[in-house]
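Labels for the chains are A, B and C, by order of writing; each one numbers its residues from 1.
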Amino acid sequence: MLIYTINRILHMIPVLFVLTVVVFMFIQLLPGDVIDTLIGDEEAEDPATRELLMKEYGLDKPIYVQYGVWIGKVLQGDFGKSLVTRRPVALELFESIPATVYLAVVGISISMLIAIPLGAIAAVKRNSPTDYTAQIVSLIGISIPEFWFAIMCVLFFSLYLGWLPSSGYMSPFEDLGQSLKYLILPAAAVGFRQAAYTTRLTRSSMLDEMNKEYVDTARSLGFSEKKVIYKYTLRNAMIPTITISGLQLANLLGGTVVLETIFAWPGIGQAIYLAIIDRDYPLIQAGILVLGVIVVIVNLLVDLLYRVLNPRVALN
Amino acid sequence: MSKENTENGVTEKQGQTRREFMTKTGAVAGAAALGMSGEANAAKKRHPKRGGTLRFATRSDSRGLDQHRNYYYYVSHPLAATSMGMFDVDLKMEPKPGIAVDHTVSKDLKTYTFKLRKGATFHDGSPIDAEAVKWNIGRIKDPKIGHSFIRSSIKDVESVDVIDSHTIKFNLDKPSGVLVASLTYYPVQFMSPNSVGNADNHPIGAGPFKFKSWKKYDRTVLERNENWWETDDQGNALPYLDKIVGFPKKEDRIRLTALRTGEVDLIENMAYTDAAGFDKKYGANFNTWDVPQVGTGYLGFNLKNGPFSYKNPNGKMMRQAAAHAINHEAIHQAIFSGLSETARGFYSKASTWHMPELERKYEYDPDKARFLLKKAGGMDERLVLTSRDAYAYMHQTGEIAHAMLTEAGFNIQHEIHPYAVLKSKWKKGEYSIDSTANSYRPDPDRWFSANVLSTSSNTKLRTGFNNPKADKLILEGKRTLDPAKRKEIYQEVEMIINDELPMIYTHFIPLTCAATKNLKGYEPAFNGPYSTHMSGIRTAWLG
Amino acid sequence: MSEIHLQGGQRKVGEIHIPTWQERYERVKDALIDAVQELYKSKTAFIGGMMLVVLAILLLLTPVLTDYDPTKPDYSAFLEPPSVEHIMGTDRYGRDIFSRVLWGGRRLVVIAIAAVVFGLSLGIPYGVLSGYYGGFADSVSMRVVDGLLAFPGILLYLLIVTLAREWHLEGFWNDLILVFALGFAFFPEVARLARGSVLIEKQKEYVEASLTIGEASLYIALRQILPNCMSPLIVNATVRLGFVILIIAALSFLGLGTPPPTPDWGADLSAARDHMESNPLIAIFPGLAICYTVLAFNLFGDGLRDIMDPRLSDR
């Protein structure tokens, strides 16, 4: 187990290397550059000024040198300065990543709260109207464009019913109650979509478990049906659900751009997206790298958790 | 400096010792300093009932905090309330005293001497004196720092001399009668020289509100500047509001919903489809305003290369064909939901420079368009219509113009790009028509000198228009002081534009903002809600 | 499933059988009949399949069904409600929404299929070869895949599409780039999946049998292992078709979708946000079209999974 873990951690290095190289390559290929967006077009572009700015931002060197310089600084914990706001990139990330993590974690929790009972019931009452309803609702959940679903939610819950604020963000450390109020709609929008996947997964792994021998054995030993299902089967069936939720969480970190834009949620997805448009290279690079690291770590943790929960995998 | 300005503007407002100055010939004689001392410290009292925290949802967020590097493009962004410049603007878009309370102009229009407000301070308490102004001008003029939009406003300023602590002289490299208009806040905004080290994190300006905090894409918090010099008619200190909290909410629908659910008190910029019927439906609970705007949409041609250009002997005929293809009324209805008006020149009715007699030389006539296009032999030329992605109306106008041109037989494709890409395309001349808009040019010189004058960098970058007669007129307009005379000159330039077609003016951009009935005393103005002399957010309060 | 395995094992040593056209025809026919019968077993797959057939018919008949050019505005008919002339009404430019929905669908479905096929054709050989050869080459190529998979969420799409859109591309080429971008972003997942299946298949006897008779290893990899690991890929690809359509919609929302006036459900739905309160009908049709199509692909894919996964076959 320890060796496996160390091995996996070592594997992260080339993965992150590939990630950063790909980002660098893409950025290099983007037409138009940050100097253009910073200078504007009212004054003639003085080539000397341009050169100075390029130099100040370190953009005058060949791409591999830029990469080397950048990676060297990152290893020392220096992400550089945003070219647009001119504030340290670390600060920009520190401001935006928690908001996204907050949204993603609560969203995933909501999805599990919906999906596990729903999936279990659907499996137990297989081919009943309950099962079909659960399946269809969950399928519809992933068939609606995200932005549309989110806007409809706002119009219904905040404009029509007046229950929740339409948009905005407040840190939970500032005022937890208020913060949760702002969180509910976006987190539910995240949760509902993710629940669609998770419900289906729970249902099928539940069915898998219910066909296993131990269930019959337990039944023959006289355990009540409820106990068999909820104590043994569901517990085992939850292993893949938890695994997938972990992977979804990792994926959500960069996947909430659309929801962040709609709900005016100051997260990292929106920040990177706007940085791409503004050509704010250091922010794009650092943002994707940090998210990549989180994704890789979450994947690793999920993997380890899976091995702990399911010792057979470790033997293979 | 226009005559109106000196007569009614700068001097009249003060209600103290003053000397009017003007000459019949248009050359301006010197005027003396005014007794403005003590003005800033006049017995000021807080209005007992007016105050509150304004929650304001804007469409965009600022890109940064440094006042010289950023021009708070979306003037309604709360950060604009923290800064101040030499002159204010009133509701009629006329310059009013700001940091400068009076000025004199030399006969040759090359030297301006400004008297600065005594006792005025930046938010950190340091005095706004001649040295500070000089330092600010110097920093703005540094091409590595000053944003080109700000820098270009004072590009004629060659040097600045400090006469005494509150008198400063601007020396121009060529004669200009429009320096005061160019110095109106914004964009030439000043910051405390002491704060330069922290300008990207905590701007220290001189505006009616003080910077408190800014979290990108989340919120901006500002506090009342207790030492602001302006007072209302009864001598109560302005601004009334205690605090402004700004929220960027990009989605039109969400911003409107936030207003309707009472999460914010004021929003800028409604989607036109909503704005058109809003007052009728919700007028009982909300106030709406059509913000007086000088923003004009246009289709700019590439005259540097390609089929519309000077290089094509039939280029003008091609442009005429395109002009005949554009159905302005359809744009008015489809894009702008019938709000505002179609444009024949740059200046809308909100401006004193509006020219109602201007005519469109080439009216909508698709048959004629087809005929001219055929005659010019441009049926097979592959053209590109580019649109800016920033505002929906820009690419929507592009979209409908694309359809109109296609119908007239043009072989054209439509592309929507962000600014960075557009600029690289302009540089390389990789476009034929560009659907865009321009704004914040209260004085016509700011528009014509920047976008029509052949030597201007913007003209060179974009249309590449080159018309000696127009150039001559524009330079003449800059030297002329009599506004009636200037208007004639610029009208002539507009006629040249409508004939030569470096661009087709399409529409005056409407802007609708709305607030809850709680917001009192607010009146929007062209220059954004904060920078209006004795109006706008400065006189607003929540009741 | 298991029959296919046997085929591989039963092949006679040293004899290459070339099937005649007749045999091929029979084989395809049998496979089709089997497929329909199998489909019928799973209700979801059947419903999804029927929805897809309806969609295919509508899209194939688009030129017959529509009278209006989807890109041509009508200045006298802005925002018309549904009527006999315009069954779904007109949009803000007076364009017929029905035409836009159908023509847009044709384009979108083709793009989705092409993107998925592109992703498969890139990912499958990559994954299969990597898994089959193993060793250092496998390590390196899988690190590349992991690196791409570590791109959080839709940021990889964002980067690729931003890049693609800003090149000087038009009409068909723009679509092609979209295909490339969406397909490329799908590729790491496919490669992963294909490699995983290969690793399992490699353990099975028939591969060893082939190895012992000395067949060329590449031949084994492609000809024998590949068909046996197709089923998870097919399921994945079907669900992916729906996903791609949603991604295009999300990109349109962010302003990176298809440039107008090309009809596109995502772009049209996105543009209809302006009218959500003043004219909600405009949004409903492209919205429904997306939901219907994605739901159909999802149902079909879900059903396929039930059918193809032998463990689930008895359900």
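To be clear about the criterion, contacts are C-beta pairs under 8 Å (C-beta built on N, C-alpha and C of every residue); 3 or more make two chains touch, one makes a residue touch a chain.
Everything numeric here is computed off the predicted structure, so don't read it as measured data.
Peer 1: From the Cα centroids, identify the chain that ends up most central relative to all protein Cα atoms.
Peer 2: A
Peer 1: If you average the CA coordinates per chain, which chain's centre is most distant from that of subunit A?
Peer 2: The most remote chain is B.
Peer 1: With contacts counted as defined, which of the two, A-B or B-C, has more C-beta pairs across the interface?
Peer 2: Counting C-beta pairs in contact, A-B comes out ahead.
Peer 1: Measuring from the mean C-alpha position of subunit A to the mean C-alpha position of subunit C, what distance in angstrom results?
Peer 2: Result: the chain centres lie 23 Å from each other.
Peer 1: How far is the middle of subunit A from the middle of subunit B, if each middle is the mean of its Cα atoms, in Å?
Peer 2: 41
Peer 1: When the C-alpha atoms of subunit B and subunit C are each averaged to a single point, how far apart are the two points in Å?
Peer 2: Here the centre of subunit C sits 49 Å away from the centre of subunit B.
Peer 1: Residues of subunit A that touch two or more other chains: which are they?
Peer 2: 30-32, 151, 155, 261, 277
Peer 1: Using the touch rule from the top of the page, what residues of subunit B touch 2 or more other chains?
Peer 2: Residues 251, 253, 421 of subunit B each touch two or more of the other chains.
Peer 1: For subunit C, which residues are shared contacts with two or more other chains?
Peer 2: Answer for subunit C, listing residues that touch two or more other chains: 166, 273, 276-277.
Peer 1: Which positions of subunit C touch subunit B when the two form their complex?
Peer 2: 71-73, 75, 78, 92-94, 165-166, 168, 170-171, 255, 259-261, 273-279
Peer 1: Which of the residues in subunit B end up touching subunit A in this complex?
Peer 2: Residues 63-66, 69, 71, 143-144, 147-149, 151-152, 155, 200-201, 215-218, 247-251, 253-254, 257-258, 260-261, 263, 418-424, 426, 450, 457-458, 460-462.
Peer 1: Residues of subunit C touching subunit A in their complex?
Peer 2: Touch residues, subunit C against subunit A: 44, 143-144, 146-148, 150-155, 158-160, 162-163, 166-167, 242, 246, 249-250, 253-254, 266, 269-270, 273, 276-277, 283, 287, 290-291, 294-295, 298-299, 302, 311-312, 315.
Peer 1: Mind listing the subunit A positions that touch subunit C in their complex?
Peer 2: Residue positions touching the partner: 11, 14-19, 21-23, 26, 29-32, 126, 135, 139-140, 142-148, 151, 155, 200, 204, 207-208, 250-258, 261, 269, 272-273, 276-277, 288, 291-292, 294-296.
Peer 1: Of all residues in subunit B, which touch subunit C in the complex?
Peer 2: Spelled out, the residues of subunit B in touch with subunit C are 251-253, 271-274, 276-277, 327, 329-330, 333-335, 384, 389, 392, 395-396, 399-400, 402-404, 406-407, 413-417, 421, 430.
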